Amino acid sequence: MKNNENNENNQWGEPISSGTQVVGPYFGAYGGAFIPEILYSTIEELKEEFHKAKNDPAFWEEYKALMSNYSCRPTPLTYAERLTEHFKGAKIFIKREDLNHTGAHKANNVMGQGLLVKRMGKTRVIAETGAGQHGVATATMAARFGFDCTIYMGEVDVKRQRPNVFWMERLGATVVAVKEGTRILKDAINEAMRDWVSNMDSTHYVLGTACGPHPFPEMVSYFQSIIGIEARKQILQQHGALPARVYACVGGGSNAMGIFSGFFDDPVELVGVEAGGYGLSTGQHASRLSSNDSSIGVAQGYKTYFLQNHEGQMKETHSVSAGLDYVGVSPILANFKETGRVRFEAATDKEVIEALTLSIKKEGLIPALESAHAFVQAFKEAPELSADKAIIINQSGRGDKDIFTVADAYADPAWREFIIAKAEEYHE
Amino acid sequence: MKNNENNENNQWGEPISSGTQVVGPYFGAYGGAFIPEILYSTIEELKEEFHKAKNDPAFWEEYKALMSNYSCRPTPLTYAERLTEHFKGAKIFIKREDLNHTGAHKANNVMGQGLLVKRMGKTRVIAETGAGQHGVATATMAARFGFDCTIYMGEVDVKRQRPNVFWMERLGATVVAVKEGTRILKDAINEAMRDWVSNMDSTHYVLGTACGPHPFPEMVSYFQSIIGIEARKQILQQHGALPARVYACVGGGSNAMGIFSGFFDDPVELVGVEAGGYGLSTGQHASRLSSNDSSIGVAQGYKTYFLQNHEGQMKETHSVSAGLDYVGVSPILANFKETGRVRFEAATDKEVIEALTLSIKKEGLIPALESAHAFVQAFKEAPELSADKAIIINQSGRGDKDIFTVADAYADPAWREFIIAKAEEYHE
Amino acid sequence: MNKTKVTEYIENQLKKKKILLMTHIVCGYPDFETSYRIVEEMVKAGVDMMELQIPFSEPIADGPVILHANQKSLESGTTVKDCLDFARKVTSDFEIPFLFMSYYNILFKAGVDTFVKEMASRGLQGAIVPDLPPEEGSKYLSCMDEKGLSPVFIFTPNTSFERMKYIANLARGFVYCVARKGVTGLDTSFSDKLETYLQQCREAVQLPIALGFGVKDKSDVNFLIGKADIAIVGTQSIRVVEQQGLKALGPFIAGLRD
Amino acid sequence: MNKTKVTEYIENQLKKKKILLMTHIVCGYPDFETSYRIVEEMVKAGVDMMELQIPFSEPIADGPVILHANQKSLESGTTVKDCLDFARKVTSDFEIPFLFMSYYNILFKAGVDTFVKEMASRGLQGAIVPDLPPEEGSKYLSCMDEKGLSPVFIFTPNTSFERMKYIANLARGFVYCVARKGVTGLDTSFSDKLETYLQQCREAVQLPIALGFGVKDKSDVNFLIGKADIAIVGTQSIRVVEQQGLKALGPFIAGLRD
């Protein structure tokens, strides 16, 4: 996990490559690979290819080159001067994953997996998606590499996230509306698994976050670690010292693992922020590690904390942000919860809209609703810290993709009129 | 216009700083400052401040630092391998202005002008906008710098570009729907001018393109030249030689001036692509330099080719892309048309959708409808060139902002259903 | 390795029949009363063994038909406790062996040892847990062994011979040979390739072998005679009930073998 | 510098009146017949000079009222040729001097020399072109000079004394002193500050000075007596016609001076 400071060509350091904390299959009591037997050899092949790649310095260089030529890595670390003034506490820095191609950190993961798919000689990729961000990212990667692509998406999400579906289709992907279960993200994962157990010879399953069976949590974290490696260098350059705290939202955990990776060995407090929905006390949330409503379980291929009932059936979750609205969480983070290395908090829907409003107005930054959860907690804590301290917030994605949700959250009448007028136009 | 190769700190070179071709007030017969007398001293102050800044190497460094910390400059130059294979001709490289913060090259200009506003000690900015891109960019800059902000936008555009209006309002800007004239971009410019002649003491008018009175064409080109400076370095690094041709779309001309700036002194053919609308023969287009339907005139503060009738009244124009749908064009480009330094072509709405479809499918890139005009012409010409040649297309912005227009262009039934369902939800 | 009761039962039955039949239901689908009547019909029609699936909210290895049944059962309020009670009832009322089929979380949440004890006390004879590979199952294995229950493991056409032997070592009761890639409920081609695969399975393990996924009519079952010990009919019997009603089930099952 | 006819006329009128009145119409708004009757009413009511605005599609210096009039006139089909013909008619029928007001593109497109010739032949005596600063107007200046017409230039409260003197050097007829920042049609405060500004204008130029932008009633005009030579009433007379009809116009104009 140490940056290789001696490698001159290695401008942005090397990925997390060792350290027991982030090497699978198990992270403390969490992780594993609870997969149907039919996938055994497929997962073995993937593990092997991943480990070869991970141990091949040329691979990381190839990955970095791809990300800097096709996306815009390194993404900036932006000093938020006006927010800092506003809170009169720690200096606030924002890591700008929103500037990635396709608008979120999801690109890091999919492009990395794309390189592995090429190495494995497969020709087709599949993925689950909730809000559609990971679906768009995967379809984009598939277009770029020339792979066939099928995206599984709950029918409910297909209906409410039509803009992303539209782009996935333009990108050449087949979008399958999953009509089973609660017809949202977790059902899309199940359906993608069903495809994979049928087509593993030609097909790679591009899991979208640091969850699922080994090696996915480790692999996704590996690709996302580019965020933390960059951020650490940047904060040292810009602030001259390590940050006191680093904040990231936690859905599956990939953007959090990404930025945290830069600081595991440092005296830096790491804070993961989950979806508090209508409030922890209402039970209507998606807080696996910051609430008492979850318990350890095994599902979707791995062991972690799930929001489930006492018999192990998954519960319905709620969040204003589709990307955090998930029953499970990265097993690596579950372990860090246990070891205390990461602190977990929850932000409510209401707080999220307030933080969004403020960061738009003060800095011209439009964080995704997901990312805005991290902003909430950082805003709460910034005033506690003295002005010589710095904190980093990971802005995992951009929020303009969320316009339908955000406009609804603000109950903007002009937006409603616009949509109604548009609908009338279509009726004619 | 030469990069200062000796300046070690100057990783991305220096901006165009001399050369008679791009220094105002006149560019050949075009340009000038046809402004109401009341603005004389304001424009004088701006010219002075701009020239001081331009001659201060620290200013360009400050500008580059801002653009690399807040936006993601340098933006990548992406080799489009699959498009190249498809056309079996020149190697196609794409300059990725779509990755800028707010999604287009517009950011370069507004952030640069923002620095000047700070230097002048003004506290308010105004801007015109058509599609809303420049409005969002300006409102973003204003939020970041803490300026008051008013955006003028034709009433017709306010109605059809609600998503951008929504974000401008969230960013704290006052959006004024201009109810005069044809109620589109040119009327918004007039209205912004009317504000400026009233409030010039506190207010800077952030013109959005390389048009308008001197020093705007030169100043906007100066800030946008960062595109060409980067692109030249990048193509030499990646291709080992200069490109044969560089393609950019031309609305007002700022992204074209930006990328062309890198290559004026080189043996590189520069191609500007205008909006051919329904086709040049229909008269329903916005081709000022590639059609015979325009003539020299003076309006909105400068002399150039306008689409106007024989008595000098401006005509209505048409393009699928709001950002190119404008009656005038940069006087610098008008001059380059005359000197032959730049070749001008037109792309029709239909060709634009085809090129968009192809670049999405082949590369996972979603160019803005504006940018897609440049893609059209490059795609036509790439097969003519041998495989050892390279061409660059400037992808001035990202297309996901255009979803309402693009979905309409594809007549996507699922999109219509989505909007109709959403409208019904709002009716309840 | 001691033979479990299931293995002994299978070996005995095979003395009487060329091939055994194992069928499958989702507990509580469409309701427990109907579930009971389905079991009754199946047993009457000569089924040799049955899988009782405890519905789970995330059944990743199941195809549309069984997935749907899982869901409907849960929606109507089925609990794990209900399934255990139901199992008690059918193991008392009918003589054939019953095995639980479910996903690992159901066991894990209850506590593997608790759950296995409950199974034993309800007269169940084994379990099939498709998302629990042997690597993750040591606790489960030891609990099952302790109670003399059969942890049924799975072979697939993707499983190497070496791995089959590794699994064989841990398996009890019989081995569930999946006929093809994919989830339950899709067509399988009963071909030479399948035969070769079954030969390999047979070579890898001394336990009886069962073939499942896509078995849907007499010709499929006939094909398997001599190649496998048990034919597993899962989805098809749910389809028959859904499409033709409970009355059609007996004749369907009876008609699977000569 | 020779005095133009306009200057001479102003100087003569000033012998008779404490302050002159210049008014403004947009040609063809709402139609040419009405435009003619407005001119007629104004002349009858004692106006001394008039601006005839040729409508332009991009009138950047005009406020909402005149902007709207420009637009409506164009929409109803008004051409530059129509305006020239109209000018011919009013210069023949009425004795006061008429000046064109328009934006530079109207002149530029016609060809500045052609246009100035046409103006002269129609009996117009000068022009006000708000988007043509003297720096850009050398051709225009020489053509106007040649025909003895008055190119009217503009002073503003933002214009430095030095620049006023530069402009004064090129100006003919009179100088149009804009009362304040902003566009036509908004309120102006008639204050000490305005007086100081007018004193400066007067010092900078020997030509008569006119004050425009926001003059709307008798008290405004009274304020200007002794400070300026001409009071320019633009927007307010359009408003009077729009709101109270043509009949109200004569009394309004007549009531502006004692």
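Order of writing sets the chain letters: A, B, C and D. Residues in each chain are counted from 1.
Keep this in mind: a residue touches a chain if its C-beta (ideal position, glycine included) is under 8 Å from a C-beta of that chain, and two chains touch if they have at least 3 such contacts.
Everything quoted here is computed from the prediction, not taken from an experiment.
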item	value
Graph distance between subunit B and subunit C, where chains that touch are linked	2
Other chains in touch with both subunit A and subunit D	B
Rounded Å distance, subunit C centre to subunit D centre (Cα mean)	98
Cα-centroid distance, subunit A relative to subunit C, in whole angstrom	38
Cα-centroid distance, subunit A relative to subunit B, in whole angstrom	33
Between subunit B and subunit D, centroid-to-centroid distance (C-alpha), Å	38
Arrangement of touching chains [line / ring / star / complete / other]	line
Set of all touching chain pairs, with the criterion as stated earlier	A-B, A-C, B-D
Of all residues in subunit B, those that touch subunit D in their complex	32-42, 180-181, 186, 190, 193-194, 197-201, 295-301, 303, 306, 308, 310-314
In the complex, subunit A residues that touch subunit B	68-72, 75-79, 82, 96, 99-103, 139-144, 146, 159, 162-163, 165-167, 170-172, 238, 357, 360-364, 366, 400-401, 403-404, 406-407, 410, 412, 414-416, 418-424, 426-427
Of subunit D, residues touching subunit B in the complex	56-64, 67-68, 71, 74, 79-81, 103-106, 108-110, 130-133, 135-136, 153-156, 158-160, 163, 167, 178, 181-183, 186
